Every structure is written in C-alpha cells, then in structure tokens.
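Paired with chain B in one complex and with chain C in the other, chain A is shared by the two complexes that follow.
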Partner chain A sequence: MTGKFILMLSALMFSMAVLAADNQYVLGVDGLACPFCAYGIEKRLHKVDGVTDVQVDVGESLVRVTLQEGKTLTEERARQAVDEAGFTLRSYAEAGDEAGSSDAK
Partner chain B sequence: MRNVGKWLAYSTLGLVIALTLLGCAGGAINWNQEPPYSLVLAWGEKGSGPGQFNDPTGIAVTETEVFVSDARNGRIQVFDHQGRFKRAFGTAGDGPGELGRPMNLTIHDEKLYVPEYMNDRIQVFSLAGEPLEIIGGPGDGPGQFNAPGGVAVADNGDLLVTDFYNQRVQHLRRDGSFVRQWGTTGKTGKGAGEFTYPTDVALAGDGTLYVADGYGNRVQVFDTGGDFLHKWGGPFALGIYGPFKGWFTTATSIAIGPEGNVFVADFYNDRIQKFTAEGDYLTAFGSEPDNPGHTGMAVAIESDGTVWSVNFADNRVEKWQPD
Partner chain C sequence: MRNNNLGVPVLVGTLLLTGVSAVQAAPNTFNTALPVAEGQYLWREQLVLRERSDKGPMDRDVSVQALGSVLGYGVTSKFAVFGVVPYFFNKELDVTTPTGRVERGTNGFGDISLFGRYTLYKKDFTGSTFRIAPVFGLTAPTGDDNDSDRFGELPRPLQVGDGAWEGFGGVITSYQTLQYQMDAQLLYRENGRHDGFAQGDETRFDASLQYRIWPRSLEGVSGTPGFTYALLESNLVHRERNEIGGGADANSGGTQWLLAPGLQYITRRWVVEGTLQLPVAEDSNGDAIQDDYIVRVGFRRNF
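For the complex of A and B:
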C-alpha cells in the first residue's frame, strides 16, 4: 500500500513538473549584464499576473519566465514588460520550443 | 597629382586635429595622469554561505569594517579589512529588516543606508544590523521611488537619492519629506540636470553633489544650492559611451576620496576610474572577468584613500592601493 502511494505521489509530482515546464517562456533580451537592467526586467515581469519565477541568464541574454498553471504570457505582454524596463524584446518562445523561437524584433 | 597630395595632407591634418579635440573633450588626453592602483586583496565566490555572494551590488567601508550588498541573497554581509566574515543581516523579502535587492550603500553617523531596488525604499540599519527606519515607498510622486540605486546623506541628515526608473535625483529631509528634485520624472534627457537612469550619488566634504548618470554615461555635478556646475564623460558629456579614458559604459557607482577625488565604477569597461573634482581623468584600474558578465560594479573609499570595490561577475570584494 505504501509502495503504491509513493508511486502515485511520484507520478503526480512528475506530471506537475511537466505541466510547469509547459508554462515556461524564454525571452531574448540583449544587454542584460548590468544588475540595474536585469533587476528591472525581473521586477516588471513579476508584476505580470501568474508569474512565479523569473531567471535571467546573463551569458545567453535570455530571461526564463515561469507562470502558474493555466496562466499565459503573451508576446505582447512580454514585450510591454521588457519595453518598460528600457529594453527591446529580441525573441519570444514557449519553453520546449526554443529552436522555433520567433524573432520578436 | 600635386593637388591630390595637398588634399591628402590637409585631410590628414584635419583628422589629427579633430581626433585631438575629441580626445581632449572626452578626457582621454591630459597631462596629469597617475599610475594605476594594484589589487592587494580579494575574497568571495558565488554562493549563499558566509563570505559567499550572489550578485554583490554595493559596498561601504568604515575604519574597521566592510559592508557589502549581497543582492540576490537579500542580505548585507560585514567583514573586517582582512576579509574575515564578521556578521550578516537581512533576508530576502519586503518586511522591516528584510531586503529586496540592496544596491549602493552609504554609511553616515554610525548608520547604514540601504536603497532597495525591488522594494522601492531606503532602509536604515544600525551598523550592528538592527533595522531602524524605512523611508519612502513605490511610486513616482514626491518622496516615492521606482528602483532607488544609491543614496548620500548630508551633514544635517538630508538624503539625496537616485531614483533609477523615475529618471531623477531626489532631495529629501531625514524623515523622507520631499525638498526638491533634479531631472524630469520618468523622462530621460541628455542636457544639464537631466538624467538617463541615474544609479548613484556622492557628496563631497563641501556639500557638492556628484551624480553617476548611469546610462547617460557621465557624471553630473551640482553645488550646494542645487545649481548645475559641470559634467563629464565622453565627448562633451553627451551620453556617448566608450572604452577610452574618461569615457563610461554605464556608470554604476560613485564615491569621493579623502582628497576630493572622484571614483566612478564603469561597469561594462570592467574598471574604476579616478578623476579630479573637476572631472580631469587621473587613472583607471580593474579586473577582467573570470565569468560571463562584467566586474566594475560599486566602489567605496577608505579614509586613507584605499579603494574597495565589488566585482559583480566573479562575486568578489576587491581592495586596491596606489602603486
């Protein structure tokens, strides 16, 4: 019984992780090395409804945004947040679709 | 053929004159330069333990201690002058005593003033780490902030604060009440008294105000009455960035030395630049990054002239002394 429960719990956690991964977005934004810029992007994206995490990858000039299940980040909303922070959205993609990311310029 | 030769000679002469004028205007050519400083001590690495950092963004120094903004860890770390960890205070958050990305630090009258980028406020601590006071809140009204980056404190306790996204510098009373501002709220500008994402401020002993106009790539100076005095950084301080002497590529921190010299962290050029009070270039020094990113983030000057800086890309504190 305990084994079954652990198995079910593991399956549930795995499915949640997959769902969470489906709700991630990757934004390309250049010039993010300075914290005054990077924190500005984070601050604005955190104000978007449903955003739970924002990670800035300085080396690759990418911003990874995670949202609650059922919430979405449209390209328009992402562009607005990036613009408000003083930058230009270079690319926009849902996680897992980075190879096919659109050029947002 | 002779005309072509004459034309070439005049063109070359004109080019040399233009470059010389540009060099003089930008500060790259002057005759009172000093030798650079040498790195004498460094410590730190990425992490969240004592002596480790996750985005060091500000620094302040007393006769015995070094205070460092450890931004992503939401804390201030305190070390002795040999780099030995002494204590830390703050945790990530927005309550009293908590910190939302602490930036350029200032110590005045035995108190630590911490601008919080994410919480849009200035939080005041005792040097032991006890939270004492919160000044300001989010917004673009008088006494409100949108990502404050630096603060200076006058002898009478008044505050001068760079309000990064509001494109202004605010002068407030010690209780946070508004006195005046420089710059137009929310509007960038390249003229005298206008700002493009200002990051930090410093007050000289005579009350002269120095502003690091971050993405304006220049320093602007105001007298004690608030009137604009002068500016420098690149050709005619018009906001043009570059790697040359006296130019900036994002000025992120500013501090005044014991002899009135001005030190500016020049982030994307990975260096600290030293100037006279009038803006004449004296020297520059810094570390090449070992990791992706840039190093010249923040600077503080000890009373004996020793320079302390934080190396952002490598999560280190660095100590520099003249050669």
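For the complex of A and C:
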C-alpha cells in the first residue's frame, strides 16, 4: 500500500513538473556565421518578456530560446528580435515540434 | 629647427581610424560591414607599434607607440556609430643634423574621430551573409598640434594632433561564411588646413581574408565554440603631397602597398588578435619616409 502511494505521488510530482516546464522555441537564423555575432542575437532575445535562456548553435544556425511558464514567443516577436540583431529569421518552431517548423521567410 | 618635410604622412586619426576597425569579427587594419545589434556596445583597444625610416642623408627614424580606444554602439540594426580616441605613448623622430644626431618626440591624446556606418544592402543565407555599408565620419582637432621641445616647436607631422578638421567617407563590403570571411574597403580622407599646413589627402583600398583554422570542422560541435582565424590583409594607400604655406611638399606622400598576416581568436564576447603589417611595395615622393613595419595587437569586447 505504501509502495503504491509513493509511486502515485512520484507520478503526480513528475506530471506537475512536466506541466510547469519552461516553453522552448527553436529559431533558424540566416546570416549568422561567427561566435562574436551570436551575442547580438542573445542580447535582443533576452529583452523579450519571459525569456530565461538563449542558446546559439552557430554551426547549425539555430537559436534555442527558453521562456518562463505561461510566457510565449510569437513568430512576429522572434522575427523582430532577430531583425534588431541584424539577421534574418529563417524558421520558427516550438521545441518538440521542430519537424513541423514553419518557414519564416 | 622647424621642419615640415619629415614625411610622416599618417596622422593620428588616419593611423587609428583606418588601423583600428571597430566592429565584429573585423579585419585588424580596417573595417567590416558585419552588423552591430541594436543597443549593443563594442569596446576595442589596439596597441600600434610603428617604425619608419628613410635612406636619405638625414637618416630619419620615426617610432610610434600608440593605443587606439574605440567605442561603438548600434543605434539600429543597420546604423552604428563609433568613436575613436588615440593616445600616443611616444611619437619620436631621430634625425641627423649638422650638429649631430637629434632626438625629438612627444606624447598625449591625439585627434578624436567619430563616424557612422549604415548597412545599405544585406543578403543573409544559412551560415553566411553578404553586406555593403557606406561609412562617413569626421576627425576633430582635439590633439595638441603645437608641442615644443628644446629645439623649438615640433614639426607638424610629428605632433599628436593635426590642428584641422578632417572628413572621410567610403564603402565597405563583407562576405562571411562559417569557414572564411572576406572584407574590402574603399576610403577617401580629406585633410583640412591649419596654420599653413595641410596633410595630403588619402585614398586607400583595403582587402582581407580570414580563414578559420580551428575548430577545423564544425561537425559534432554544438553551441558557440571559439574560432581561431588566420588572416591576411592588404592595404593599398595613396597619399597626396602635404601642403606647406602655399606650395606642395615634394618629399611627402606617395603610394604604398602593405600586407599583414595575423591571427584572431574569437568567442561570443571577446576577440583577441594580432597582425604584422609589412610593406610590399612603396613609391614615395622624393625622400618621404617609408614604413618598416607596423605591429597591431589588441582585443574587442561586446556588451
């Protein structure tokens, strides 16, 4: 009985953690070709409300953006931030939906 | 003792503006058209060690040790402004006179330059970009232009300041990929006249190739690793003769071609770099002094 209770409690906690997980987006950025340039994109995306982390993969021309729970990054806002950094948004997708990412051009 | 014919044709602003590029993964000896993000600052320091000499009877040697400080700011993603403040630790002339060998020198802050760069055209691709950006600016006569020593007032080309306003403009183009980067710049500088002296106007064409030598491949490399570039830069510079009083100084100006091999290490926030500029060909007017070498080392930081 105790074992079942612990199991159920663990499952509940896990599902709550999943529900509380941050929102993640993957942006394809054209024009990005060196490490020093990556910082400008990080800086502009960090100004978006709710953004907690920005990771640039310069070799893949991808930017992974993490937002707080309940916050979203619209494609329009992502394009604006990338434009302000001087680059071009190529694609936009929520993490886990990269296969269905939209062509942002 | 006043002598304006020393043939030290590169003034503070020219030396440091054209020598201290201000932006991104730029060449070491001139600028790039790569973007500065809106609201982003760039800070750069470059130490310049320059040796010049001539083979004439005066056996002149000119030695310059200077630091160029640059602050850049992205007003918009297309328009960035930059300020360049040069400081001369030492600007020294050794020359043979009828009374023997004489050493003259000065130090201090030079002429401050302000310029803007606008991205007129850009074409972004996945992992590469092509850009064209005009640049325009002014150099203000903020440096001391009438310093003296025990022999009297220093020759005008030896002063840390020009004493006159100068204007410059040109166009820069850049093509950058993950493996290499090419930049080219065409720049014209018109020098003003002050107290009967005008430095010769300057036209220059610069080109640069930067090639990533580490990491050798980006396969399996995630995130934003530091890049090490080998670079080779070319500077073709033509200077008109200086004007003294109402006439041209026959022993000034000319055309020179410099090549500069170097290395750059680039991370997200820092660039550390160094080049050695060497004259390949020089066609100086009269007995104008020629470059022996120019060393440039420095760093850049974005914030």
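We adopt the following convention: the second predicted complex is superposed on the first by the 82 of 105 C-alpha atoms of A that agree within 3 Å, B and C clash if a C-alpha of one lies under 4 Å from a C-alpha of the other, contacts with A are read in each partner's own complex, and residues count from 1 in each chain.
The rule is simple: a residue touches a chain if its C-beta (ideal position, glycine included) is under 8 Å from a C-beta of that chain, and two chains touch if they have at least 3 such contacts.
None of these values were measured; they are calculated from a predicted model.
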item: Touching partner for A:Ala33 - first (chain B), second (chain C), both, neither; value: both
item: First, second, both or neither for A:Gln55, with chain B first and chain C second; value: second
item: Touching partner for A:Thr88 - first (chain B), second (chain C), both, neither; value: second
item: Partner contacting more residues of chain A (chain B vs chain C); value: C
item: Contact residues common to both interfaces of chain A (with chain B and with chain C); value: 33-36, 39-40, 43, 58-59, 86
item: Contact footprint of chain C on chain A as seen in their complex; value: 28, 30-44, 47, 55-61, 83-88, 90
item: Chain C residues touching chain A - in the complex, by the definition given at the top; value: 24-25, 34-40, 74, 76-78, 119, 122, 124-129, 176-178, 181, 218-219, 221-227, 266-269, 271, 300, 302
item: Of chain B, residues touching chain A in the complex; value: 55, 57, 71, 101, 117-118, 147, 149, 164-165, 197, 199, 214-215, 250, 252, 267-268, 292-294, 297, 312-313
item: Chain B-facing residues of chain A, complex; value: 33-36, 39-40, 43, 58-59, 86
